[in-house]
Every structure is written in structure tokens, then in C-alpha cells.
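Right, one structure below, let's go through it.
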Amino acid sequence: MPDLSVTLSGIKLDNPVIPASGTFGYGAEFKDFYDINILGSFSFKGTTKEPRFGNPTPRVAECVSGMINSVGLQNPGIDAVINEELPRIATYFKKPVIANIGGFSVDEFVYCAERLSVSEQVGIIEVNISCPNLHKGGVNFGSDPKAAAEVTAAVRKATNKPIYLKLSPNVESITEIAKACEDAGADGISLINTLLGMRIDIKTRKPVIANKMGGFSGRAIFPVALRMVYEVSKAVKIPIIGMGGVASAENVIEMMMAGASAVQVGAENLRNPYACKEIIEALPRVMAELKIDRLRDIVGVA
Amino acid sequence: MPDLSVTLSGIKLDNPVIPASGTFGYGAEFKDFYDINILGSFSFKGTTKEPRFGNPTPRVAECVSGMINSVGLQNPGIDAVINEELPRIATYFKKPVIANIGGFSVDEFVYCAERLSVSEQVGIIEVNISCPNLHKGGVNFGSDPKAAAEVTAAVRKATNKPIYLKLSPNVESITEIAKACEDAGADGISLINTLLGMRIDIKTRKPVIANKMGGFSGRAIFPVALRMVYEVSKAVKIPIIGMGGVASAENVIEMMMAGASAVQVGAENLRNPYACKEIIEALPRVMAELKIDRLRDIVGVA
Amino acid sequence: MNKVLFQILTNNQIAKDVYRLILSGDTGGISAPGQFVNIELEGFYLRRPISVCDWDDKTLTLIYKTVGEGTKALSKLKTGSLNLLTGLGNGFDLSACGKRPLLVGGGVGTPPLYGLCKRLIERGAEPTVILGFNSADEVFYEEEFKCLGAETLVATVDGSHGVKGLVTDALKVLTQDFDSYCACGPEPMLRALYKALDIKGQLSFEERMACGFGACMGCSCKTKYGSKRICKDGPVLKADEIIW
Amino acid sequence: MNKVLFQILTNNQIAKDVYRLILSGDTGGISAPGQFVNIELEGFYLRRPISVCDWDDKTLTLIYKTVGEGTKALSKLKTGSLNLLTGLGNGFDLSACGKRPLLVGGGVGTPPLYGLCKRLIERGAEPTVILGFNSADEVFYEEEFKCLGAETLVATVDGSHGVKGLVTDALKVLTQDFDSYCACGPEPMLRALYKALDIKGQLSFEERMACGFGACMGCSCKTKYGSKRICKDGPVLKADEIIW
């Protein structure tokens, strides 16, 4: 019997496959396709203090082997998530969820983390520091080690849940940011968020996305994500949730060999709502082919 | 009659299509497939002062819609390029070429630029500052605005040819680097070089590439390249040669709309040696569909 | 809402740049006209959303225009299978249409109205149909609507067929009163109808989509009653909830 | 060296994980046994290099093992066309083989030796062939070599067919002298042969390739006479230029 289980900060997951934030809503749409309790966990849509409509449409653009989105953190706000979404999730998902939070100030991150800490459903808080920080003159929390450390330290104080800092790949040295987060008390690192990308509609001669640019993700970005997971895993001791372009059981295994303790699947869920189910079902066969008995044994072997 | 011609720093090209450095050798292999005089120009393999064997093999890895290479600037050295390659090129290519130079110190860039300046065959010198600078404690020339400016200023003094600085995409703010180059006297900017990427062979559990990581390019990176061309074109006044994932006439037009005055085609030449020929032949048809009379009119319209 | 493998039965051109694709497979996921399917195409990352034109237990009819690479690739598939997500979106609410509904389609907004028209007539309603196109060579399904027994007017912008002008010009030709209207087509057409008609309306919208089933928030729009996902809460919205 | 569209005639399994693909098309670009072709496969970015096993004016035979996704996808194509770059690399130099050459193939290194063997015999040479495999179920083309009229020995690692052991064990069985040897197979095999034989040798190497036609420097190796591209200056190198 192949053993697919992995452990993240003391939380045992049946398998390492986790839908990524923003590509799985709160799970409701996917439970109509399959029983989502087969998942290791899922990371829900990035939640902010206030409800947000997000950016103007068009918000999505197709690319070769990937897509761009500029959803802009549309979400119903922390109150609705706690009062409506989490209770609803409880009706169809029996495992701890990963609570992804976004924010435009340190205070907002702290507020959201504090509020979510009380929920027993929340296993890990994933702190997405890849959004523009309006309070710091346009510097992103996720691209400045000091700002990243500041958020980490503040959220650290606000909650007893494990906190995973989610990093942006649009930086020169992702290991510096990761180390700053580790030093400031992060329990783990999630990476990567989307690459900044753009498409132009050559018929209208205008950017496809209303906001001009957006986040590029999907299969195309896998080599960049894998490289960053590998680099960060050599630089920090805390666990890594690897993501970026994962679309198959083989990709999951490659990510884990690069150093990820668990793996998220993002855009692939959108083109194939059964993606995570198919990956989980394929894992035992691929493990057998590769003579892997326990998936957790391969973390960082490369 | 559609007009495909474009001008780069006073040099008129019949069309904007230029094979990218490192993917076209010195043109010899491609002239066996088609008459390469149909090209706008071509950028030859990055040349250094001394001959270089480059990195250990395997040097290439396949990715979804792209590839990784870690050739490591294998080239016969500036003497052989001037004494053997350029005279040989003269026998089959009648237009000015783009001389791509690599280097590990400012002096090396200066030396190569000086030596190439005397050749009438050289139209533009493309200065590839995306290589690790061993003399600066590991800082890349291409990821530090000061170092980039230093190289630019030094090469500027060494030659009367137009100099185009070729930038690395593995930075947080490519516009800063581009502006530093412009201020230091660059005539143009070439971008992007490859993204840092990695693959692991899940059978051997080792990186596919002997050097572990390498440069990721091909169709997959187009949205990142396009975004950077767009950003840089808004930030500088000098012309841009856009590249990264270009594989069709439509891609050429999209790059130009983003702000590129000419376009290079890299990895696509390797999977299809006729890529540039097919693109050049398709351009008039696509221009007609889009009602573009003169290709140069669309530069930066988006 | 489910993922189904359909077999291509036919895929033929029926007007300028317009194709009709007839598929066989499990249509059980489809519950209302105005719903759509999302088609996986080899070599393309995102699926392509196309409205259900008509369906029965075993077959599904789609009508689409070749506007870009994806639909061009689709038009070349003459045999084989297609992976579809079916039964997406809400569709038209037949019970809200009344006895005498007006159905208005613009260009490739026409197809979902055919399935709607058929089902309205089955329920005993007497729909009137206006179809708008640019010119005669683009017109399709005029006969099909007439065969259903619906009064059908066509308007063409250049006047090469039917009433010259827009669907609102054809509307002026009609004298009877309607209980409600259902429309699908370009947004300016929907807006013009909303201005012109003072009755309850159901409008079908388009937006660029990633998932098509409500997961990504790629297709949100603001309505008077909060934000809605065109793919899940739409594509059919009530005319009076739209913020124009 | 050119790009040619070939039609698939047959593509059948001939041993464990090994397939023979027979194509029809313009083989004019191929000039010597030991050259290879580079196959474009839908959905894969890079082409797959496969040695020419045999060819005539109109058909081309390739033999390949399914080792990864690309060759697995190839093994499923039973009809249709394939886009190939043909006539790549240098191939074996027949004029350097002498009257009594020894040909040694290991696993899927065997195929190019078949085309070589055939042409050597046509020229009046008397080649002896040693083929090495892991076990009996992997053996292929033993009969085909024998039909050409060549003395043919097979070695299997587990002894389930022919001589038990490696090709060098089979070599010990042979008593005659050879003028030269030509070999293709795993690098340890090539090295072992080089150590065991004191005559002129031509060895065919493999390396991960991007272009396969000399443009990218992806496949370079150092030789005693400078760096060479396996794809263009090879895949066949002289044994005495190799730096082991």
C-alpha cells in the first residue's frame, strides 16, 4: 500500500494535493463535480478585511499553456467568510482548510489572521504577501525582505495557527525573502504566486486585460516554480508548499523532489475541474512505477 | 504592398525578424535550410574574449511549451569570430549582423566591443549583461542598475557602433535597469534573456541539467516577455528589440504593439529551423487581415 | 453540470464564418435553454464557452462563429470526440416569459434563443422573434425559427435582407404588445432593447471566462443586487438588475 | 538535411517496449547509416532524435524504445503523418571499416548497425555482429541481421538468450581478427569495447539535444581535437578522439 500522507506543521494530510487559493473558491463549485474530502486540504480564496469586487473585466487572458488573471482579490470580506463561508464549508468538507488572507497593510493581515484563528476548521493560515502595499509607497510586501519580515512577525503574534507566507516570484532573490520570513517566525513558505504577464489583442490593439497586466500561471510556469522551490528549500528549514503549473501526478512528485512537503494545484482546476481528483488517483500508480513507497520520503531528494 | 521595414538606430532592416543569439550559431546551419538573406538581421552566438567550452552536459531540458538551456556561452572566442566566422558569414549573408558579446568583467565587454567595432559586417553590438559577474561577488551586471550602467558607459566609449544592452528578466524591476542603461548611453535595449528555470528527472531523482538550473525560454515565456517589453517601452525613449517566446507572425505583431521596434526569435528556431522564414512569409497576410500597411506604424500602439 | 465526452456528428458552415456543430452524448446536465457548454480544444489552455442552441436526450446542437484561433481550430474538426463541461450557467427562466414573449438575437447571440423558442412553444406560449445581422450572408436560422411556428423578423444593418437597420428598427415594425422579452447579443443591442422596452426582460451576457463554472471570479459583474458571476449566476440576468 | 513530411505505414511492437516504425516519404536527405532523424511530436516542445535503422528511396525504418512521454505518444500513432528533420549527423564512414568489421549494438543502439551492416555487405565486406540486451524478451533483429548474411551473436545479461553476459563476453567467444569496429549503445558499453579492442573504432554517442542540427551547442562534448557537437560532428566519433 503506497503511503501518500504528508505532514505540514503537525497537521497530517492524507495526500499532498491541495487546490490553490483563488482557483477553488470555497470548494462549493467543486463538490458538485466530486467529493472534495479526497483532497489533502484546500486553500480558499484570498480573504481581506472588507468585501472587494476586485478589478474591472476582462480579468482573464489565455496564453500558450497558461493564463493571466487580474481578479484583484474579489472576496466577500472576512465577516462573510467567517459567518457564511466557513459554516457552509463545514457541511461538505471535513478536514482542516488553509485560510488564505490578503491585505494592503500589516494591520489588515493581523486583523484577518486574528479573526480566522478562532475557527477550528482552519488548519493553516496562508499569508499572501504578493499584493501591492499601498501604505509603503508601492513596494510589495512580497518583494522586500524587511516588509515581508514585518508582516510575518506581526501575524506571528496574532495567531497560534501555523502561518505560511506566500511569496511572489517577481523578485530577484526569492531565497532572501523566504529567509526573512523564516527568521521572523513563519512556520512554512508557500510559493509561487503568479508571474507578472501581459497579452495584447492584436485586433483591438489594446491589452486583453482591463488592468493591462495580470498574474500569469498554469503549466507554462512550472520550470520557474520548481527552480524557486528548489532554491528556497536549500535556504530554509521550514516546510514548503510548492505550486506553479502543477498539472499531473508526475509534476507533484517533481515538486516534492525539489523540496516541497505538499503541493498546490491552481489554474489547472479551472480548465479541468477534476484535475486534483485525477492527480490523486494517478499518484499510487506513478509511485509504484518509480518505486516510491512513502511520498514523504522524496521531499527534497534532488 | 505591405511595408515590413523597420529601422534600428539608423540601420534599415527589410523586416523586424531577427534570430536570437545562441539559437542561430553564425547562421551556417540555417543557410542549408533556406537563404538567410531574407532575415532582417541575425544576432550571432554570444562571444567572449577567450574560447569557452561552456557547461557540462546535459545542457538542455524539455518543458511544457519551452526548454531550458545551460550552454554556458560556448563560443570559439573573439579572435576566431573575427578571423574565421565573420569572413565565413560574409560568403552567405549580405546584411549587417548583430554582434552579441558576453563577458565576465567590464574589461572583457570593452575588449570584445572594440575588436568588433572595426568590422563593417557588424551593424549593432548587443551586450549581454545577463551572465554572472565573477568579479562582483556574484552580482549580475544585469540585475544591478549601477553595474549595468557601468558596463554601458564603458562599452559606449569603446565603440562607435550602436550598442544594445540585453537584459535579464530575473529581476524585480526591469525598467530600473533599462533606464540606467539608457542614461549611460545605450542606443537600444534587447529583452528578454531567459528566465531561470529547472527540471528534475523523477526517475533518477536528479536535476536534468548537469548545472542544475538553466535558462528557460520558448513559447511559454511570451506573456512575461511581452509585459517587460511593454513596461520598458513606457520607461525609455531608445528602441527595443523584443524577444521571448516569439513563434508566429501574430506574436511579432503583438511584441511590436507592446513597444518593440524589432523582434528576435530564439528557441523556436531550434524546434523548427524554418521558423523565421515562415514568420516572414506570414507577415504580409496577417498585416492585411489586421489592416496594417507599415509594420513600423504599430510600434507601441497598445 | 458535468464533464462529458461527446462525439462529433456534423460540423458544417451555415453562414459566413458561422458553423453548426451537432454532437452526440449525454446531455443530462443541461436543464434550461440559455445554458452553455465549455469546450476543451487540443492545444488551447482555456475552454471555449458556447451556448446550447438545442438539445434532446442524445444530441446537442451548437452554433458558433469563427472569430479567433480556437473557433477556427474547432471548425476544422469533422470527426472524433470533444470534451465538454455541460449545463453551465442558469439559462432563461421560461416561467417568467408570459404568453407573448419577444425573443431578440443579434448575430451569434441567436442560437440560445432557438432552444428557448422551441420550449416556449411547447409550453403553449406564442413568441415573436427578431434576429439581427450585419448582412444577408450572415443570416442563419430564419427558416428554423419559422418552422417552430414563431413569427420571425430579420433585420440587417445594410438592408440586404429583411428590415434595414438594427433589431430596434425591426421592433418598430411590430405593433402587438409583449409580456416580456429575452435577448442575447452584443451589449449595445441589449442596452438599446432595455431602453426601448418597458416590460420584464431577461438578457444573456458574455464575458471572458477562465473556468466557466463559478470558481475563479474571472467573469464578475456588478449588478444592483451585488456582484454576480456571468458564468454561474448568469449568463442570463434580469434586465432590471443591470447597472448600465 | 531537410524537413520532410512522412506518412506512417506501420508502427508495431517488436520486443518489450520496442517498436518499429516504417514511414514513407522523401529519404533524399539521408546519405549514410548512423545518421538520425528528429521527430516533431504534437504536444512536445522538442523533437525526438531517432537513428535511421534502414532506408530506401521511398521508405524509412526506425526502431525505438518507449522510455518516456514522447516515445510513448509516438508508439500510439498508427496512421497519419510525421514531420521529420532527416539526414542529421555524420553517420558511419563505410570506407574506414575494412573487409572484416565488427559491429556491436547494445539495446536500442542496435538499429543504426542494421543499415550499416546491409551496406557493408553490399560493398563486399564481411561484418560480424554482436547484439547485447538485458534479457530474451528485449531481443530484436537477430534474425534480420542473420538474413543479411552476417555472423550474429546475441548476449543477454541474464543469460536467457545467447551468451550470458555483456557484449564483451560475447566478444571473447569470437576468435577471428577484425579490421575495425563500429558500435552504438550505452556509454559504459562503448568504453568497455574501447578498452577491449585495439583496432580502429567508430562509436555512436547520445546526448540530450535541442536542435539536432548544430545550431544551439546543446550537445557538445570535448574530444582530443577540440569540442564537437554530437548532433552535427557526430553522433559517430572515432574511438581514438574520445576523452574517456
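To keep things simple, chains are lettered A, B, C and D as they appear, and every chain counts its residues starting from 1.
Convention: a contact is a pair of C-beta atoms (placed from the backbone, for glycine too) under 8 Å apart; a residue touches a chain by one contact, two chains touch by 3 or more.
Since we're looking at a predicted model, the values are computed, not measured.
Chemist: What is the set of chains touching both chain C and chain D?
Modeler: none
Chemist: Just list the two chains that share the greatest number of C-beta contact pairs.
Modeler: Pair with the most C-beta pairs in contact: A-B.
Chemist: Roughly how far is chain A from chain B, going centre to centre by Cα mean, in whole Å?
Modeler: 34
Chemist: Roughly how many whole angstrom separate the Cα centroids of chain B and chain D?
Modeler: Once rounded, the distance between the two centres reads 36 Å.
Chemist: How many angstrom lie between the CA centroids of chain B and chain C, rounded to a whole number?
Modeler: Once rounded, the distance between the two centres reads 47 Å.
Chemist: Scan chain C for residues touching two or more other chains and write them down.
Modeler: As it turns out, chain C has no residue touching two or more other chains.
Chemist: Going by the touch rule set out above, which residues of chain B reach two or more other chains?
Modeler: In chain B, the residues touching two or more other chains are 61, 63-66, 219.
Chemist: Can you name the residues of chain A that touch chain B in the complex?
Modeler: Its residues touching chain B are 63-66, 68, 143, 170-172, 195-200, 202-203, 205-207, 212-213, 216, 219-224, 226-227, 230, 245, 250, 253-254, 257-258, 290, 298, 301-302.
Chemist: In their shared complex, at which residues does chain D touch chain B?
Modeler: Within the complex, chain D contacts chain B at residues 1-3, 40, 44-47, 85, 207-211, 213-222, 227, 232.
Chemist: So in the complex, the part of chain A that touches chain C is made up of which residues?
Modeler: 22-25, 28-30, 32-33, 45, 53-54, 57-67, 69, 71, 74, 208, 218-219, 267, 269-274
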